[in-house]
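Both of the next two complexes hold chain A, though its partner changes from chain B to chain C.
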Partner chain A sequence: MDIFITGIIMGTFYALLALGLSLIFGILKVVNFAHGEFFMIGAYAYALIALRLEVSPFFVLLPVIVIGMLLGVVIERLLMRPLYQKYTEWGAMRDEYAIIVTFGLSLFLMNLANQIFGPYAISGPGLRPLRERVILGDIVTMSSHRIIAFGVGALILIIAYLLVRYSPWGKVIQAVSQNRFGASIAGINSVRVSSIVFGISGVLAGLSGALLCPIFSAEPFVGALPAVKSFVIVVLGGMGSVPGSIVGAYLLGVLEQFGAVYISYTYRDTFGFLILIIVLLLRPQGIFGEKAREV
Partner chain B sequence: MEERRALDLILSSIILAVVAILPMFVTSPYWRGVLIVALYYSLAAMGWNLLGGYTGQFSVAPAAFCLIGMYTSALLVYYWNWAPHLGILMAIVSTAAIGLFLGWICLRLRGPYLALTTIAFSEIIRGVIRFSYDITRGDLGLSVPKLYGGGGRHLAYYYTFLVVVVLVQILLYLLIKSKIGLFLQSIRDDDVAARGRGVNVVWWKTFAFALSSLICGLAGGLYVHFIGLASPEMGLIMQSGLIIGMTVIGGMGTLAGPLVGGLILQPLSEYVREFGVQHMVIFAFLIIIVVRFWRAGLYGSLKNGLERVLYHG
Partner chain C sequence: MTRLRWITVSMFIVGILAMGSAGHSAEPIIIGSVEPASPPGSIAQGSEATAGIKLAVEMINKQGGILGRPVEVQFEDSMGIPEKGRAATEKLITKSKVSMIVGGNHSSVCMAMSDVAHEYRIPYINVNCWADAIREKGYGEWFNTSVNNSRIAVGGAEFVKALGVKKVVVLPENTDFGIGLARGFKKHLKSIAPEVDCTDTVLDREAKDFTPVILGLAKDPPDVVVPIMDPPTGYIIINQLHEYGVAPTAKTWLLDLDALAELPDFWDNVKEGGKYLAGIALFHPSMKLTDLGKEVRKLHMEKTKREASRVVFQGFDAVWVAADAIKRAGKLEADAVIKALKETKLVGTRGTITFSTEPGPFFQQWVEVPYSIIQFTEVKQPLAKAPIVFPPEQATAKPVKP
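The block that comes next holds the complex of A and B.
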């Protein structure tokens, strides 16, 4: 039970990450390899601001949201525009450009953080004092920061999901991800939608980084593993599928915890990769995905 | 087409000739060492170029295959006292096999699956090597014998690497010129059309990935018996970034682009290190700029410029 709850908690943070990645894939059909760096910057922003200002850590989440938003929008504006402004000419070059440019961006942000903040881990204060424990019933003991961070994360996840699913903006996002060309004929400004999606993605990943910061600490390369896990999740759930990414996140979170306890704690991070291989072998379209075209 | 390919060949030969006489001008052991490392990176970049530049498939983990090459040879030599040459041979076999397996799994699908799988693979394989402390001694690394015994024999290593680079370069040239090369490039330019014309797209993509992995494995195997230490650090994403950056900045899909990239960027990164700058900050920035605004890269621009002068003006 203990293991299951820990898995669900981790799954929530994975879901925040994977949702943003999945939205971007839906809109642009490309993978953002710099996604882990959104997470890393969120963690840094939280730790640095919370350590400077004497305010409740809850208020620090606000600037993290703003920073994540800005980061996403600026990156979309500077680097993603060629993907659709010359939409017809690019053809085969799209994947090439997107993979290399986001991979380069990922390296750039990692090393920039390393240059500016140094390779040291900076830990932020918890939303509740980190040593405080909560005992739920007589089965689970857990730090109260974890519980509250989980609550905040789950709340944000639900809000984000409802927004994408039901709000007018969300409908626009869905339209563009179903058919970019058709949506633009219907009068939707698909460039602005891409910008918004990148913003949302930055916010979700940044918040995930901020909420996990007291547990993992901010350091330049902290985003790498969460990013890899969110890549596994989007394949597991089905590329570009929003419900798929959430279900996939919880599945991975729980499986990983069970693996860590019952199989091997040292190799816990390898389970994700094994799951990825199994999914690609047996069901390459993922749980909710449309069948990927085979060539 | 024939003329252009001839120019590519001549220009590449000139660059290789320059590389061959370089040690006459670079006499300090330190900088000769830097050049050897540069050749290691060039070799790996040539492997990646076959996949990314000519076939249009993207692995983001060339360094992971270098790492596997290193550890294959290192473990065989360390535990069973194999000769380093045989170890390097097995490094080639193991990386080719893993390349075939991963390629078989994720190249059946279109889209970014190869990139996703390789990035996960690279983080995981490095983790496994680090945490399998009993076998690999983790972060401490494995000390292995060098190819030519003790220190101070930089020239021997330099020319060993150079001979391998030349051989691989010739192999790649012949490959690209052949029908197979046309298959690969047709997949890059339009995989659906290539399939329509009867190209076995999945097989040739897998072939390119396996061959590219093999070249990285060879580079890793050679490197470990030059440095004398296998360490998980060489499989960092950063190392893959360096290899990809060298290819992109040197010129993707050109014969000597990776070599030019490697030989310029590696010494440069040693140089800027003295100023306390993280060289990867600059390189990553260059990768973004080059791929955004300057597709041809260094070697590509040089070749295009010469072409214009020779054939059109």
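The block that comes next holds the complex of A and C.
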């Protein structure tokens, strides 16, 4: 049971990260290779603000949200918008430019962090002290931090999902995601939607980094592995599918834990790719993805 | 007469300037260095080694250089990846035409680099690669001022025996260093304390979440957990062992064999998880340093405002030994330098460095690298205040549990 619960908790953090990536792909049809660096900046922001200003870690989540939002919006404005704003039809955008830009941005942000913060890792304080544990009989023994971080993460995930699914802004995002050109004709400002989606993506990834910072430590390259996992999740769930990324994240989180315990810990990070291969063989569009249609 | 005097004075000045410029333009001796400066390499350890190397070069140049020539170091990034380290070494030898190379972090990288040094017959002084397998190759070009796994394995196993425990779990990283040290530790422990049940689980150096392994340990806690992992992964596992209440506890000791306790970012990362951690320390401020070592410690403190770690001393010693060998050889020719290196007897920062000629894990190794086992008894305790708990002749306190 504790293996399952641990998998669900890890799945929540994966989902936070993957959801942002999926939203960006849905709107811009771009794979953001710098997504792991949003995670890294969230982790640094959390650790440095909490330690330097000595404020409660709960309050630090607010500036992390602001920093994540600003980061996403600024990157979209400066680096992504020039790639598509001159194209009247979305299909005319050159995807490979976006790949090169986000890949370069990833390297730039990692090396910038290395220059600013130095090569040494830093761990932020837990939302509760790490030594404080929740023990429920034989079912689960876990730190209060992990349980609370899971609660915060799950809450944000639910809010983000409900906003995207049911709010007026969410419907606008869905419309642009389905047909950017059509949405533009209907009067939707697709440029602003792209900006908002990048902002939301920055917030979700930054919060994921902040919540995991006491366990993983912030360092310039901490986002690399979580980013790879979120790429796997997005493909697994179906490119651009919001429910797909959430289900994919939980599936990966749980299967990784069971695989590591009952098969081999050594191959833990390969289970995700194994699942991905099986799903893509049986359902190439991913669990919740739609088959590509040519008109 | 006046004109003659002017001519004489002018010629004198021109002569002085020419001599001065000749001195400054003497072709520098280029030494290569390969250290990790990007992930997945340990950038922290690479930076510490680089700081020590730069200090040594600065000191040598202040003293007039080597053979009247200034020394320069050309750095390359191994990224902690064997093939990158191999390519960097090859580049230093073939393009930069370096006379010798110092450096090395991550044993798997040194394994690859040693083949290149051997192939091109270029002397290489290893700064921080511990794996015995590198020494066991028996390459005449490869010298080690770094400690080796065998020495740490023996020290760790003897400490565990002294604790009088029954069950030990080793958690090595999946590298030549980690697996090699775990193997050596288990082998030595079996020979001196066959009654101890010692098992290991190899962990991925790039992983972040070790919960599946730790949950298993939490269900059936051993008497000692021995992580052997470079930072930052080493810190992550210490935190997660603490988070799940596995170690250190009243039941379970935590023994780090990667000398993490000396690194400047240790307390920034482990916090409460480091209290009661016992760990190998290759440098402890109460350890006896040579006059040179004291000078290096002072200079490093002035430059960085923090205590030097053992990696700084290791980086310094490697360049110091290299310079001494070139001076004694009187030329840069590889055979002459290698011969001089074999005959090294030089006061370094932590003792007199000589190289063993015994084949096996101690081949061309500085055998007497000083070490101790310390234990933190407070959170954020400075290394200087952490008691030494092993070996008995150095111990300032007995190991304690929470």
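For this structure, a couple of remarks:
Definition applied: the second predicted complex is superposed on the first by the 282 of 295 C-alpha atoms of A that agree within 3 Å, B and C clash if a C-alpha of one lies under 4 Å from a C-alpha of the other, contacts with A are read in each partner's own complex, and residues count from 1 in each chain.
The rule we apply is simple: contacts are C-beta pairs under 8 Å (C-beta built on N, C-alpha and C of every residue); 3 or more make two chains touch, one makes a residue touch a chain.
On a predicted model such as this, the values are computed, not experimentally measured, just so you know.
When the two complexes are overlaid on chain A, chain B and chain C occupy overlapping space and clash. Look at A:L48: by the touch rule set out above, it reaches neither chain B nor chain C. Touch criterion not met for A:V191: it reaches neither chain B nor chain C. Contacts of A:F231 after superposition: chain B is touched, whereas chain C is not reached.
In the superposition on chain A, A:I122 makes contact with chain C only, while chain B stays out of contact range. With both structures placed on the common chain, the touch criterion links A:I8 to neither chain B nor chain C.
Look at A:T266: by the touch rule set out above, it reaches both chain B and chain C.
Of the two partner chains placed by the overlay, only chain C lies in contact with A:H145; chain B stays clear of it.
With both structures placed on the common chain, the touch criterion links A:L112 to chain B but leaves chain C unconnected. Contacts of A:A175 after superposition: neither chain B nor chain C is touched.
On chain A, the patch touched by chain B and the patch touched by chain C overlap at residues 110, 114, 224-225, 266, 269. Note for the complex: chain C touches chain A at residues 37-40, 43-44, 46-47, 174, 201-204, 206-209, 211-213, 215-216, 218, 231-232, 235-236, 239-240, 242-245, 263-265, 268-273. Residues 52, 56, 58, 60, 105-106, 108-113, 115-117, 119-121, 123-124, 127-128, 131, 188-192, 195, 201-202, 237-238, 241, 244-245, 248, 277-278, 280-281, 283-285, 287-288, 291-292 of chain B are the ones that touch chain A when the two sit in their complex. In the complex of the two chains, the chain A residues touching chain C come out as 2-3, 6, 10, 110, 114, 118-123, 125, 129-131, 133, 141-143, 145-146, 212, 214-217, 219-222, 224-226, 257, 260-261, 265-266, 268-269. Of all residues in chain A, only 29-31, 33, 79, 82, 91-92, 95-101, 103-108, 110-112, 114-115, 224-225, 227-228, 231-232, 234-235, 239, 266-267, 269-270, 272-273, 276-277, 280-281, 284, 292-295 touch chain B in the complex they form.
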